[in-house]
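Order as written gives the chain letters A, B, C and D; numbering starts at 1 within each chain.
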């Protein structure tokens, strides 16, 4: 039931490229930790995107040369980054004014599960010995206009991630507007999942088989 | 019934001097518009006081030489001022974080009426054709630790200002901790007025006659 | 490419519509975007709700906007100042509405509007007429009044220096309401004395991050409002 | 004369008492006042409630304070990070309490504590387990959860440069929680790399006004936490 990596579907970098291609010029974007971080590497030339990192920087630039790394210039994943000309620093309350106040255009996050209504679970498996850790995810999904999820279509052991109802604790209810997986790009509209595009070699029937929630095909294929 | 100015009691400058003498070294102080502004002229040498003005300056200095006046460096009364070395500028929400958050030590305000319980009325006579204007007074009395009032003991037409109950709309309830008038210095403690000091030539009987609220004599005279 | 610079004040305010809520920075004349206000008079939008600490002086700037009958309602803390006659006259004739808000509550309501906080509790105005009709609630034995966020359709703000991203710095106490108003409006329009290349403003010292700004127009020699008032000038000239 | 400069970290933290609530700045190691934390370990105050975004790395700094059993409860948004083992172990053994707060709510609760706002409403965490037991209320058709201010007895904060009035500036993203924590503590204790004369910091660029700071101690060469962790160092040395 598992789709093998590198045999069918997009690679992580291809997924990130698909996300990057959808970011309008001039957008203010927050990229979550993990796969979302790859998106910045794929923004097409001529497109200017301003990256926000919730620990207090607007205008985040790429990872520095190793000997130029400054442990006091980091991103939300606590990796060393750089600042572009025209960047600015601010404190945490101001940073979350940007997030909660609706000033960011797009946030790209990872997911454990997404429901057909756009509910997101991405902070806790609810396992009794797991240390719960939420970070800024709940603020991001509550405040940013467009919440895009980038994720493998299924778990490593072949379980559904796009489900009818999230079993894991929610990060936010009806917040996700688009899902990029290794198999498809799916829009969440009016509590339904609409397939916009499928990876080469993926059929709609196959995609539905790998998805618990009912899909509606808008891909034209 | 009116006490004539310049015959008995303290002048405005003497009142301001009394206030200034009571400000501990190192205090953060907000001075209201009008008579309170005189206080800054009388701080004794060796005492360092940091003045806050709610329009965004901590470390307000004296009025500038006329040709050095900057219309973008003003106090709450919209008069040109200066900034001391070590001053800083900030926006209005941060300024009222200082006020509302209890960070200022003393605020000196004018008054229309003060009640025996420390209620203050200083923003509106409630007259039907008066334009109501409150400014920062309600925030100051709600947030600053010590609210001191500096005022003539009676109105120009001989009416009481230290009353049993304020007739004018309140600025705050049980907020005033000390009153400096041209005739006396009065502490407000546990809903009563305690006379700490009287101006030369003023007797307690005379003072009580000019005060609607009952006074308790702690002046030792 | 991001370029928020607009080349005329007329273009900057062109889409302000009748009935809009507009925040206007300034504490008295310090920080008041007088050229943008005058352009709004030329533009002519009516039935405006204006959020600003004062109501203007003389017959220029905000006072002129009010005299021109473009303002239906003022939300402010101190509607009378030394040279303020326009607002009091209209108010006493019942021709303009007033929502009087304590200055710190006004600032916090604007900040809340920008920060996605719909309501908060404050000790200011408890037991006064300005708390009438509002929810009062006890926390830790003390009373507080609930206040709601204020948002605007447009903010008109004056700053010292801007870049094409909309990063701003201000001059001295002219900063006042500018930074919080930038956060609370759908469209923030800024007049800047100087425009510089991105990176010229030290990233540690940016006061308003560009994300809060939509349009920047350069006004190299802004009028000195108090001089206009002293000279009995009136806008439109 | 006002002089908030203290000449030893020992003196700076001397009055921290058992059972105190302490805010500690930093996002990971960036902005973490490691020398003040180590001094607090030497000092030995127990049963502390610590408010900090994370729970420390390796066996130094905040992780060492926790390992030394001085912390009864953590209030934080992200208690596990790459090199964080001390907190998870104690938590799974039931030996330390955790109040998990969304990062933006944590920041806003601290800011509210400093600003005299006892409570506010936020959209963050609505319909999630972190809103359980909290008041949920509708404004303009949307649901919000009520959150309370957090105040502390002490704040331990790291900055770049300070003066004797307590005015502070920070370095890059090491600013993070420092400025708001300074406002929310009864006693704010700051370690600064540089101390300068008043007036040296441009008054337009001060990030934390001195009114929010009680004590400043110079730590000219603060340790690099990630290097200590990489070298498997443990405090006390």
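Here is the rule we use: a contact is a pair of C-beta atoms (placed from the backbone, for glycine too) under 8 Å apart; a residue touches a chain by one contact, two chains touch by 3 or more.
None of the values given here were measured: they were computed from a predicted structure.
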Path length in the contact graph (subunit A to subunit B, fewest steps): 2
Cα-centroid distance, subunit A relative to subunit C, in whole angstrom: 37
Distance from the mean Cα position of subunit D to that of subunit A, given in whole angstrom: 29
Residues of subunit C engaged with two or more neighbouring chains: 108, 111, 115-117, 122-123, 170-172, 204, 207
Shared-contact residues (touching 2 or more other chains) in subunit A: 83, 89-90, 93, 96, 99-100, 142-143
Touch-based graph of the chains, sorted into line, ring, star, complete or other: other
All chain pairs that touch each other: A-C, A-D, B-C, B-D, C-D
Subunit C-touching residues of subunit A, taken from the complex the two chains share: 25-26, 28, 46, 48, 50, 52, 58-59, 83-90, 93-94, 96-104, 142-143
Sites on subunit C touched by subunit A in the complex: 1-2, 111, 113-117, 163-165, 167, 183, 197-199, 201, 203-204, 206, 209-212
For the subunit C and subunit B complex, residues of the former touching the latter: 27-31, 77-82, 87-88, 91-92, 98, 100-108, 110-111, 122-130, 170-180, 207, 224-226
Contacting residues of subunit C [partner subunit D, same complex]: 108, 112, 115-123, 139-140, 142, 144, 148, 169-172, 202, 204-205, 207
Subunit C-facing residues of subunit B, complex: 53-57, 70-74, 78, 83, 89-93, 95-96, 99-100, 129, 131-139, 142-143, 169-173
